[in-house]
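Two complexes follow with subunit A in common, the first pairing it with subunit B and the second with subunit C.
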Partner chain A sequence: MTIPVDLHEALTIEDLRVGIGRGRDRVELLDGISLSLRRGEILALVGESGSGKSMTALAAARLLPPGAELGARRLVVGGADVASAGGAALDRIRGKSFGFVFQEPMTSLNPLLTIGEQIAEPIRLHLHLDRAATRSRVIDLLGAVGFPAASTRLDDYPHQLSGGQRQRAMIAMAIACNPPFLFADEPTTALDVTTQAQVLTLLRSLCRERGMGMLLITHDLGVVSAVADRVAVMYAGRIVETGPAAAVLAAPHHPYADALRRALPRVSAKVARLEALEGQPPSPRAFPTGCRFHPRCARATARCRTSVPALVPSGLRTVACFNPIAETKETAP
Partner chain B sequence: MSQYLARRIASFVAMIAVAVIATFIANRFVPGDPVLVMLGDQSSNLDLAARLRADYGLDLPLHEQFVRYVTGLLRGDLGLSFRFPGVPVGEVIADGLRISPVIGLAALVLSLTLGTLLGAIAAVRAGSLVDTGLMFVVVIGLSVPGFVVATGLVWLLSVRLGWLPVAGWGTPQQAILPIIVAAIGPIAYFARLTRTFLLETLGQDYVRTARAKGVPERGVVLHHALRNATVPLLTVAGIMMGGLITGTIVVENIFNIQGLGRIAVTSIAARDYPVTMGIVLLFTLFYGTINLLVDIAYVLVDPRIRLAVS
Partner chain C sequence: MSDPVLTLDRVSRDYVRAGRRLAAVDEVDLVVHRGKTLGIVGESGCGKSTLARLALHLVPPSSGRVLREGQDIARLDAGALRRLRARMQIVFQDPNASLNPRWRVGAIIAEPLRAQGWSRQKRLDRVSEVLDLVGLPQDAVDRLPSAFSGGQKQRIGIARALAPEPDLLICDEAVSALDASIQAQILNLLTDLQARLGLTMVFISHNLAVVRHVSQRVAVMYLGRIVELASEADLFDRPQHPYTRTLIAAVPEPGRPLQAGSVRGEPPDALAPPSGCHFHPRCPLAQNICRRISPPLIEAASGHLASCHFPGASAS
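Coming up: the complex of A and B.
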């Protein structure tokens, strides 16, 4: 099946749904997620734990655990139609049309294989290079991700590397076949702060140099402002606001995005106490009716309890709220 | 690496030494006078008794007996049998040495290959009908004693169908049933554990990483998951050897095969301690060697052990 593909398109997710269980035990984890990215663009997906950020990336990469059911109107990752692919076709897409950087580099690398072997694997599978060419490509990749003395580190095992080096090896593996798109699921959460900044800078420059789109999953708004072009805020399996990262972070329109921003510590502001968002994120087994944020929202009205607000474009942003914070009509086209 | 190996070999030697001391003590301190047993109704013949004692070195002080025992072992001399007066133990068990390793090693190879294969199939198809069916058979294989399985198989394959001989040793046909019976328990055990360990490694993050790279399912299972599952499986394989030894004892008695196990049982019944202890020593040597090989295999499979010890 061929579908029209925009050459600049790196990721298109339309109406992505993920559910588990049947009948009365049915739980909808993702409810109509739509995202799109162009090559070279970085989109940060933010939200609390359990909001469905990682689930969105895993679903788009077709890496959901068995039992989770996926549905989407359109799912194109790195130019490949992922929704309809299965089995061998999917194996040919993964690693070639997109790479995936996972959160925990220690457990996400195979402890019994050298990093050289692990980075060579996608090259061998997708590019069919001979041994020598594969080896030199692995060395180039390790150099590109900032591995000092790359050619001597090929035969190192993951446990011989530092956390930052492991994540660099993981990134080298993910970009080994020069994919047009990269998933990065909290790539710096397991790292110390200085290493975090280095890895983020690396990811950003790799995207720019290679024209690679990246979906960066994080719960750290500081990361968003440092790296992302655009941001999408998730809450309870839905996207509540998208827009240019700087604008959304400076003045969120959705009350949840605003609450997230207020919870961010600032060096400049002299506040004695951080604002915390009251309450707990809802469990997928008991999602509230209407807007899922309404039980925790100060601006909620009767309508929020009964109907689901759609994502409505407002300037460069989209917002799913009946009572957004800023009056946005004047910026609408 | 060499230090690690030296430590392993040292502990292997220590184990053998303990076995030598234990068998010596068992030989000398078991109740009953073996000379009186050998004399039978000539127990009043004191000259003969004295000669036998001298032949067996039983008249020497204990420490000299021990030195004789150890130096004899080093020359491959396991002593003289009680049951067959004057016959060296090595001669009594010579036939067994030609038979039991065949049964044991064939059962070992069968259980490792078939057990791993069945366990891997069950793990990959976890929750399916294939998995449930396989695990049902495995539970039967684990819980039904070997002699019951043997009786059933003999009845079916030998008595009813007449395909295979009922007992004995010498022809390839006669080897089939004993090897199957010896292997059934270990196959089931190994299949069960392979399933468990493989399911665990299949759930690991690095398996998801492999899938994300586009590694086909075959490669994911064999190259990434099974390889990691091999580390705990190796441990179990070493321990399983103990079960295989007792397994051959049962099998040889059921099929009336004059292997080490059968000789061990008849020697115990005849209070032929030198032969019994000789066989115990051989089993210890075999078990120790297998576990030494497992220790070496660890190093080859897992770089974390390799590097930690170098």
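Coming up: the complex of A and C.
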């Protein structure tokens, strides 16, 4: 089966649903997620623990654990239709059409193989280069991700590297076959702040130079503002607001996105008291009816308890709220 | 300012790793004043958690003295030390790892009181009091930690720390495992409790924004040494040490461009720290003197200490 694919399209997710369990134990973890990205573009998917942001990436990469059921109208990643692909086809897609960078490089790298061997694996699988050509490509990749003296480092084992270097090695592995799309799930959360700044800068320039699209999953609004072109905010398995990152972070329209921003302490200025959001995110086993944010929302009305607000376009944004913070008169930049 | 609750006097703590000496904390001088919060920031391996353990006398210093209200903790007899322990408590990072999953919340909170020999009735009364203080329902006593969310578990950890009526509370990455909306709740709780109970706090974190929010004074650590110490406003608005400027610039924050170019490399191996100023290999200002001589922590501006040969200078 062939489907029409836009050459500039890096990722299309339409109406993605993930559920586990049967009958009365059925839990819907993702409820109708739609996202799209073009090549060279960075979209940040931001939310708190359990909001479904990692699940979205795992589902799109077809890396869901057994027992999780996936449904989607369309799932095209890096030009490849992954929704209907089976095991062998997925092996040909993963690493070639998209790469995946995980949070914790120490547990995602194989401690028994050198980083050179690990970066070479996707090259061997997909590009069928000979030994010498593979080795020289690995050295180029290590250079591209900022390893000084790359030719002396590819025989190092993960434990011989610092946290930042391990994450650079994992990025080299993810981009080894020059994929048009990259998933990065909390890629800097385990790193110190100075190393984080370096790795974020690296990811941003790799996307720009290679025309690679990136879905960056993070809980940190600062990381969003540092690298993302657009942002999608998730709450309890649904997207509640999308739009240009700078505009959404400066003045969110969804009350949850606004509350997240206000709860954040700042390094640039001290406030007397943080505006904490009361309560806690709901468990998937007890998602509220209607808008899932309504029990914690100061703007909630009767309608919010019974009806689910759809993501409605509003200027350059989409917002899923019956009582959004601002009716917008946004113009394109 | 003349009421020091905790004083570290030239305190060092060494460990031996692979036959080599590692100075986790290297000749640190610090004073924490009553009712105030001292923030300690630094990256992994800078020695900030070892400093917490030294302050609580969980590890003895290799050299130097830890003083509580002017008294050297190491010279207290067993009884005096036990009484002192009640008055200094710690809140840990991960409530899942620091609460016994098989104990009911009431027993967890009462444990430090039992260790101090409180009667059963006094323990029950105090547990009820501290549950109120941290905003947990009274029926929490009969439940297990697993019945609570991450933010509530951290409230249990705070209740346990407050139970024996400490005057010194050490928070070691106490909000780092929490989501943003919950983190704000716990930070507000800690600042409210401090105002209400007159607590003295040492707040240790890698998160500069969180440290700025809760602290009146802030120390920056790098490879076991304090490199800058000043009031919160002076340190964040007028940083004197190039490492502090680097750290602040690297924090991503909405509305601020990310400045990654200002620092090179990663923190060096603590087993083989650079000569002279530990920061010199990464410093944009480094000169020959920085490679040879470790700069003392001295006043670079009024009430503002920095250990740098060129404090306040900017890279040209």
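Going forward, the second predicted complex is superposed on the first by the 324 of 333 C-alpha atoms of A that agree within 3 Å, B and C clash if a C-alpha of one lies under 4 Å from a C-alpha of the other, contacts with A are read in each partner's own complex, and residues count from 1 in each chain.
The rule is simple: a contact is a pair of C-beta atoms (placed from the backbone, for glycine too) under 8 Å apart; a residue touches a chain by one contact, two chains touch by 3 or more.
As the structure is a computational prediction, the values presented were derived from the model and not from experiment.
Three-chain overlay on subunit A, with subunit B and subunit C fitting side by side and no clash.
Of the two partner chains, neither subunit B nor subunit C is touched by A:78. Look at A:264: by the touch rule set out above, it reaches subunit C but stays clear of subunit B.
With both structures placed on the common chain, the touch criterion links A:252 to neither subunit B nor subunit C. By the touch criterion stated above, A:180 is placed in contact with neither subunit B nor subunit C. Number of subunit A residues touched is higher for C, counting subunit B against subunit C.
In the superposition on chain A, A:324 makes contact with neither subunit B nor subunit C.
When both complexes are overlaid on chain A, the residue A:213 reaches neither subunit B nor subunit C.
Looking at the shared chain after the overlay, A:126 reaches subunit B, while subunit C stays out of its contact range. Of all Cα pairs spanning subunit B and subunit C in the superposition, the closest are 10 Å apart.
Counting contacts by the rule stated earlier, no residue of subunit A appears in both its interface with subunit B and its interface with subunit C. Of all residues in subunit A, those touching subunit C in their complex are 48-49, 162-165, 192-198, 200-201, 219-227, 249-250, 259-261, 263-268, 270-271, 273-278, 280-281. Of all the residues in subunit A, the ones that touch subunit B in their complex are 61, 63, 88, 90-96, 99-100, 102, 104, 107-114, 121-122, 125-126, 157, 159-160, 170, 173-174. Across the complex, subunit A is touched by residues 204-206, 208-217, 224, 227-228, 301-304, 307 of subunit B. Residues 43-44, 149-152, 179-185, 187-188, 191, 206, 208-210, 212-213, 232-233, 236, 246-256, 258-261, 263, 266-267 of subunit C are the ones touching subunit A in the complex.
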